[in-house]
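In what follows, structures are represented as structure tokens.
Look for chain A in each of the two complexes below; its partner is chain B in the first and chain C in the second.
Then we have the complex of A and B:
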């Protein structure tokens, strides 16, 4: 990361040792501290208070661990339900994203496809669009009455599906959209790895009579495992923290049944102003969620190293 | 002979499969384009896959209609995105310059702090928003486009500083030293020596910042309280919020909203490629 050589050069010349450096750094640091770092620290503190919409301007009280107790040990905050739903989403969307990305990468790496580069650049299109636009477009496609997906289903003689007003169907819809948003990234990562696999390996294996599946299983996958794992770790984090997809499709609905952690926390803080302690409770919730994320990203990094070496 | 025939068949077959998959995956984009050119106005009419009639009526309404909210929201989005871009450059260029060139107490810890923040920010981002809301509320600064731009710029400080510092590191220090010998100040070096060479790096930061601000939804949704301050992402969400909303208006607004992103993407690609021809610098 750090460039060692210029570093030594700097040390050798005292002209670069100057306190004027702080003048260059402080403006950025100050703005960053005031608007990013301090709010995060302050939010952790809010997790130990009874802050809500009505008293957020300063009259909230320190209440110790009450928010955490409420989240972890009382049934009424739905903490475990929301967490469970989120893990279910990770467990479904991550394998789908990986398998779909892998399948597309393998397919679009085939030498026999004409016009591969044109098709590939078309495939990357979802990547260039802002997520808000893509997700809202999908919401339109999923509409019961005039949505294009039900239009297709009807055209081929299948019944219309109530996509966004049914808990299970909405969950399926989240997965579809999540996969659609993520496949360009997964495909690109895996494709880059695939292209580093020497063709001779495949040729000699084919001569030895290995089937396409055996070649994928015993040559390709071991060689692309590392970048694949990198993609899996990143995309798992993204799934766990999914906000835009559930929030924009149907706000974690119907009837809050598909609230994932980020959606629950956001709604708790900003959309239920009447509820006692909602901002403090949401802050405490985010502290717990951040600890879970930290634990998993640590485990992910460890796992990555252990499996590769 | 047999193998050759199979190969041709394989080519036709795999290409066919590939085209079918591409068509299926870009289908949502196709729908949005078709809808924006469709003359239909009612939500409840079924969607047409191949439009019988193509018209620019919706675009005309969105851009010039008396009831259109597009232009004011576009102005809001442009204010926020361009302002956050300007603030980012003002904050990040000097920081990156100092991290790349100067030796000072706390340099490494600050750099690693920025790096660690990039890794960890995701989880606590929404949490920070709660306190940020409280702070802005306390100082009566909610619902301000300028504050929103400042928040966007500040969130990008760690990442953009790293990015630009890495770019500055690739510029030989001989350039600075020659200028120093000629009596230039550190500011002179930054503006007259480094900035002209680092244009591609700065363009990268600018593109990331503009695109990030242009498409951000959550913070804007939380901070901006009144309709007239809404940026385009919020307007898009609002268009789909009520069932009476016109899907075609949403489609046309979406595509108009996507144009700057696509233009920037193309522009950035060309610029970055120009930047890669850095051989001239090294000689």
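Then we have the complex of A and C:
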């Protein structure tokens, strides 16, 4: 009987503790509901309507699955083309970003490099610049007649490249800019992981006669694999959603041949405000695209066993 | 007593929060201006407009406060703001938006202020551009279209017809220059399909005409005459840079680019797009009327209209704007001024406007812009190796897209 009292006290205190925690996350939850959850639900709903600029104030109507049907089965293969182009971009830009980030991280983790911390900070610069500024500067560099890149090519006796008005070259340009924008992220993630790899492992491998490549392949990579995969999943998401790079470089051109999902959806919804049902169609499009990204991210995380059970 | 780390952090957070709240409540709130106007112009023109408003308008109407915001993202901003009723009181855009924004009621008619005297001040075509379904929605203040600009240091006499222009283009091309700078965009290109009797969209019958013989011939003609002698960068900024960098003697552009060329002190001349001598017809570019609209969320209709009227009818303002920035006035009394008639740029643009075709007003035109833009871009890239994607095929496909979008719109 005497024991009851303190037990209840502990219970009450722990309830207060948990409730207090709820109290503290209320502001965060509110922000999430108003700024994230509501727009998400509203966008999904818009996908089932004929909304456009002219009726978005509330006069739009529910039209069931018509938008989805139009995207997937209308015989207009644009949806598949844009999706295919985007997958291609993910498939090219992600390995480039990872390799570039990995190479730099390994390099700057070497004890023998002097002034590592200064160099590292400099390399993170692209991350700190506003992306719009970086991309517009790149566009200037890619100009056919005045761009610095063609200037350099000419100076060393090579022909000029039509960067922005040729579908393949523009696609290469997207990759270059995407790598420039994203390698600091990959580098930072990998560097952090590398620093947790115990030096003793390398030392003992070295004693056993392992080459630098063998140490990277059999010690470093397996040990940093999980954070690396996590970085890959995140950066794949970023590539999938690339908007500013294609839009600012040449609006997904030339002649829309490099339209990636975000650019197509944006143009659909906002380019020609008078187009009936355009916002509904764009919303439906983004619902499908989100499902695809979700599936891929989940598969990636599962594959790497990163999800917390 | 040394403060604990926790306490220090708490104090810092508390200071930030209190400072934030205090700033919000104590910061002197500037009262809302009577009239808020959104514009999209080059910086030098913005300065000009603001100083004129501050001196001239203030003097006549000291009791009306006006706030002018120059927005680089005007179109996007209006698309977001108009439906929510959070837009400006007044804003400027070309007249072709009228159907798109008047039908859903985002702009308000100004019929109650319109008098015969006001109406008679403007050119008929300009006034017509402001009316939709029998109501007046805006006041016109300028006209615009594209004409042929040439570098006087490279070309002494402008070409009289297309054969002459073609010869000049080829001769500069052979000297290692570009023949011409020409932004590849359906608005800029429209002169040629119209010259050949084609059209993008018929505003009366509300039908697209992308696969008509005239449109196909006009676009093919444009490609044949210009594409081989142009730079691969077809966007406007790159094309203008070629002209200002003396890489080409010719540029097709509108009044909106004149202020910049003047600022660079370029020695340039202007002429109308040359006659197509092969078929004895003139190219007819699309023309736009720049108008000032009143949004339906207007704060004080009377005051807003007062500013609108001043903006569109103040003689000194319109005249100065025309002379300085190449604006083509649509106010009759300004057009008759000797300084305006003697100005080469304004008078040539005015002549080109007379020869042009007004952009359609129907909201359905929006369904045609995307297919024709895509078609022209594709053909420009392919030329001259079309393969099976000939102009006939590509433009018929564009027509099909426009028709099905139209059917959906109506159905």
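Simple rule for what comes next: the second predicted complex is superposed on the first by the 262 of 309 C-alpha atoms of A that agree within 3 Å, B and C clash if a C-alpha of one lies under 4 Å from a C-alpha of the other, contacts with A are read in each partner's own complex, and residues count from 1 in each chain.
One rule holds in what follows: a contact is a pair of C-beta atoms (placed from the backbone, for glycine too) under 8 Å apart; a residue touches a chain by one contact, two chains touch by 3 or more.
The shown structure was predicted, so the numbers you read here are calculated from the model rather than taken from an experiment.
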Contact-wise, after the overlay, does A:39 reach chain B, chain C, both or neither (first, second, both, neither)?
first
Just chain B (first), just chain C (second), both, or neither: which does A:146 touch?
both
On the A-aligned overlay, A:54 touches which partner chain: chain B = first, chain C = second, or both, or neither?
second
Just checking: does A:87 make contact with chain B only, chain C only, both, or neither of them? Give me first, second, both or neither.
neither
Mind working out whether A:271 is in touch with chain B, chain C, both or neither, as first, second, both or neither?
second
First (chain B), second (chain C), both or neither touched by A:31
first
Comparing chain B and chain C in the superposed model, the one touching more of chain A is B
So in the superposed three-chain picture, is A:22 touching just chain B, just chain C, both, or none of them (first/second/both/neither)?
first
For A:256, select first, second, both or neither according to whether it touches chain B, chain C, the two together, or no partner.
second
Hey, what residues of chain A end up touching chain B and chain C alike?
56-57, 145-146, 270
Inside the complex, what are the residues of chain A that reach chain C?
53-57, 59, 143-146, 162, 164-166, 250, 253-256, 267, 270-277
The chain B residues in contact with chain A across the complex are 7, 10-11, 14-15, 17-19, 21-22, 25-29, 31-32, 35, 43-47, 49, 87, 90-92, 94-95, 97-99, 101-104, 107, 110, 115, 117, 119-124, 126-135, 137-138, 150-151, 153-155, 157-158, 161, 169, 173, 177, 180, 186, 211, 214-215, 217-218, 222, 233, 236-237, 240, 247, 250-251, 254, 257-258, 261-262, 265
So, in the complex, the side of chain A touching chain B is made of residues 1, 3, 6, 9-11, 13, 15-25, 27-29, 31-32, 34-46, 51, 56-58, 104, 107-108, 110, 112-116, 119, 122-123, 125-126, 128-134, 136-141, 145-148, 151-152, 154-155, 180, 183, 237, 241, 243-244, 248, 262, 265-266, 269-270, 279, 282-283, 286-287, 289-290, 293-294, 297
Could you pull out which chain C residues touch chain A in their complex?
76, 79, 83-84, 99-100, 103-104, 231-235, 238, 241-242, 245, 247, 363-367, 369-370, 374, 377-378, 380-381, 405, 408-409
